[in-house]
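In structure tokens below, several structures.
One chain, chain A, appears in both complexes that follow, with chain B as partner in the first and chain C in the second.
Let's turn to the complex of A and B:
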């Protein structure tokens, strides 16, 4: 059987979901026998060099580059899997959705106690070299079609492992309640 | 003809870090910048939330070292709950938190060394990029890779036993913790499932140190000379000057070892620190008020900690510390790549601390929470794996947060990382017409020594994929290279 090709990325996430992938521990050594990694933070492959079977997305979209990356993943991956609260529902970063963006920027760069008296020119980062922040944080399924959702903050390593095995081998994914837990 | 070189991770597309380098008419480096391209807005959106939510909200800043944020926030809300400023917890609560934190330090440092640094050491930093990753390590040296995976696993299990789960746990609450260890949990970590036990972790930590020291012996010029420059250094130290990653006073020394911040109470951090905002990065630039924006920047992290501390309070790590200090005659060490060495000494220290805590009967105690007189303000500071981490909250009479200020480790290192990029760019790119892959990786190697992942600010583990574009003075693209 040809190795399945996997790509992964973290958008507006904290990398906790990628850490949970690593929490499959010794099984990661089995995983690299089963699959080949393409574009991912764990290797040096920067852009898609081939079409992938499985794309794994952590995090929602908080800036224009996140959206661009998500569209690229949809284009190049047969099955798109979102892992974790942020990718599924916006997660913690989407707590800013009820607040005007300007207030968030003002608090961080103008009003905070360690900046208030030393930013006389009232600089808020705006250089063309940094991406534009979206008005709110969007979950992935509002931007592209998503095929598989794995919940949790982060999803447990066992759930990620079972899902990967099911996707790679085509076996049915079992979802016992104990591995499927929100918090 | 002047030129602008843009080095950016693939993650320009994904939104992380990016480097620009400007060359003047003679091809000399005129300016270089590391841009941090993420913005979340935590300071504003936690306003209005009850303060006891802070430890579980803000840890979602970073899934790589969530325990650090969990505990920095917990230490701040301890103050609000009237449980004192680091000295008011019950022995059981303090030791459970310490165990959680040193477990975190052990797993995070292990992840960095094996998954990130070791590919460069095993294969050489100019080796083919497709080999320079943890999968390359696993294919080339399965034993080393297995050890790496198991050491990280052990640290994660220490965290799970104390915090409830491996990532984004809930163990610390205002004034204490919500669980201690059962005798069974303690025994499992102490001498349980082979090969995962406390003594084995100490032995493997010594093995990792031996691996690095052997590499250093063979590559002394590179390790000593690469991207080294003088700087100030800041960290917490215990009141008696010992290395302490959980609690202490703030100390800063200059490049020659003179104390420029003399063991001050961090509740008073606002008297000593400020942050500069620059238009080209979402990450701010902290500095010591007394020295100002130009001269007040400093490094944090393993190298800074071994420069500020007088000794390490566990015997095996202390012996390694003495050898480390001997290299610079006891003076501060300003050699960037020695951060890897310092990090491994902290891995060994963490393993010793974990073993000692597991042997302490307080760890299974039942007195978990301290209560006291409510205060409207609290500051919590901790030494995260990547350096000093500061949380500051103000609450109203309804216990809702009205102000939050967070200075994360990577932010403290903002100016040093920019200097490191500049240093490498000057050394490698001055007068060059073509940008080669080793030049790009050299920039990565310099940044990686501080923080492989630009953690709480941006990226995670792994190699930073790069794109370098060479523009002429008119902005026309004359050369581009990706890897």
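Let's turn to the complex of A and C:
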């Protein structure tokens, strides 16, 4: 059987979900027998070099680069799996969603108690190389179609493992009660 | 002596006292009907709609229905289950539910229903409403981000003089549930705890309390909500 190809990325997340992927411990040796990794921070491949079977997304979209990456994943991956609360509902970064963007930026770069003296020119970072921040944080499914959702903060390693096995072998995807959690 | 009536739930013959609340009567007969705004011992409200069942083929809320002789009840059809999922999804989309940072996580009834029905993301866009957190009350914290307006607190919590601690303000989608600063000022820790326990979500919290039960041991970590009534 040809190895399935997996890509992963972390958008507006904390890499905790990727840590949870690694948390499958020695089962990663079994995984490597079954799959090959393409674009992913795990192997540091930066751009897609192959069409992939499974794309795994951590984090929601807080800037235009996140959106670009998510669209690339949709284009190159047959099945898109989002993992974690940030990808599913915005998570911690989305706490800014109830505050107008300008207020957030002013607080972060101009008025916050820790920035008063270190930004004398009152600059809000605007270098063209810096991704543009979006008006709010968007969960992934509000931007592209998502096929599988694995909740958790981070998702339990066993939930990720069970889902990967199901996706790789074509078995039915089960979401066991004890690993289906939002925290 | 109370008179008993015979009726059926999902084809099973059941017995209950005449006039009993359908949710309770089902429970006594070992059948779980999911509820959220309902709380045993306080007047039912029928506001969340999650307990909708078919009574003689017609959808109605089981918390506001009394059992009568010969009624036929269906608690679970594909349509009812889809409808319940939608109710859960709407409540998640309508408020700000950041479960990972919520003191009630693991023991929250809304979250537990989402677990039971394996609700992942809503079919409705998240609204991210701007809501306040009132941390200035002496004994309680009111987090409006998580309030589902079930009004259990209004119906169920009174101080020693019989005065309500909670009341609602505004109307429609602007409705807020407020803590009355007067009646809540000198409440006992026991009453504060009662208020926290009566709230199905993490909208009423005791001050200086929380995160005291480890993950894995919280109310709904291992067993779905309702499994104490129906396996």
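Criterion: the second predicted complex is superposed on the first by the 180 of 183 C-alpha atoms of A that agree within 3 Å, B and C clash if a C-alpha of one lies under 4 Å from a C-alpha of the other, contacts with A are read in each partner's own complex, and residues count from 1 in each chain.
Methods note: a residue touches a chain if its C-beta (ideal position, glycine included) is under 8 Å from a C-beta of that chain, and two chains touch if they have at least 3 such contacts.
The model shown is predicted, which means the values in this text are computed figures rather than measured ones.
Student: After the superposition on A, what does A:95 contact: first (chain B), second (chain C), both or neither?
Tutor: Both: A:95 reaches chain B and chain C.
Student: Report for A:178: first if it touches chain B alone, second if chain C alone, otherwise both or neither.
Tutor: second
Student: After superposition on the shared chain, which partner residues are touched by A:11: those of chain B (first), chain C (second), both, or neither?
Tutor: In the superposition, A:11 touches chain B alone.
Student: Contact-wise, after the overlay, does A:19 reach chain B, chain C, both or neither (first, second, both, neither)?
Tutor: Touch status of A:19: first partner only.
Student: Pick one for A:153: touches chain B only (first), chain C only (second), both, or neither.
Tutor: Touch status of A:153: both partners.
Student: After the superposition on A, what does A:35 contact: first (chain B), second (chain C), both or neither?
Tutor: Neither: A:35 stays clear of chain B and chain C.
Student: Counting touched residues of chain A, say whether chain B or chain C comes out ahead.
Tutor: B
Student: Regarding the shared-chain residue A:119, is it in contact with chain B (first), chain C (second), both, or neither?
Tutor: first
Student: Which chain A residues come up in both lists, the one for chain B and the one for chain C?
Tutor: Residues common to the chain A contacts of chain C and of chain B are 91-92, 95, 98-99, 153, 183, listed in rising order.
Student: Hey, which residues of chain A end up touching chain C in the complex?
Tutor: Spelled out, the residues of chain A in touch with chain C are 85, 88-92, 94-95, 97-99, 136, 139, 141-142, 146, 149, 151, 153, 175, 177-178, 180-183.
Student: What does chain A use to touch chain B in their complex?
Tutor: For this pair, the touching residues of chain A are 9-20, 22-23, 25-26, 28-29, 32, 37, 39-47, 62-63, 65-66, 68-69, 72, 91-93, 95-96, 98-99, 101, 103-109, 112-115, 117-119, 123-127, 129-131, 133, 153-154, 157, 183.
Student: Quick check on the complex: what are the chain C residues that touch chain A?
Tutor: 92, 96-102, 105-106, 111, 114-115, 118, 120-121, 125-126, 128-131, 215, 221-224
Student: Which positions of chain B touch chain A when the two form their complex?
Tutor: Residues 9-15, 18, 20, 33, 35-41, 43-47, 57, 60-64, 66, 111, 115, 129-130, 132-135, 138-139, 142, 145-146, 149-150, 152-153, 156, 165-168, 170, 270, 273-282, 284, 286, 293, 392, 403, 405, 407, 453, 455, 459-463, 465-467, 482-483 of chain B touch chain A in their complex.
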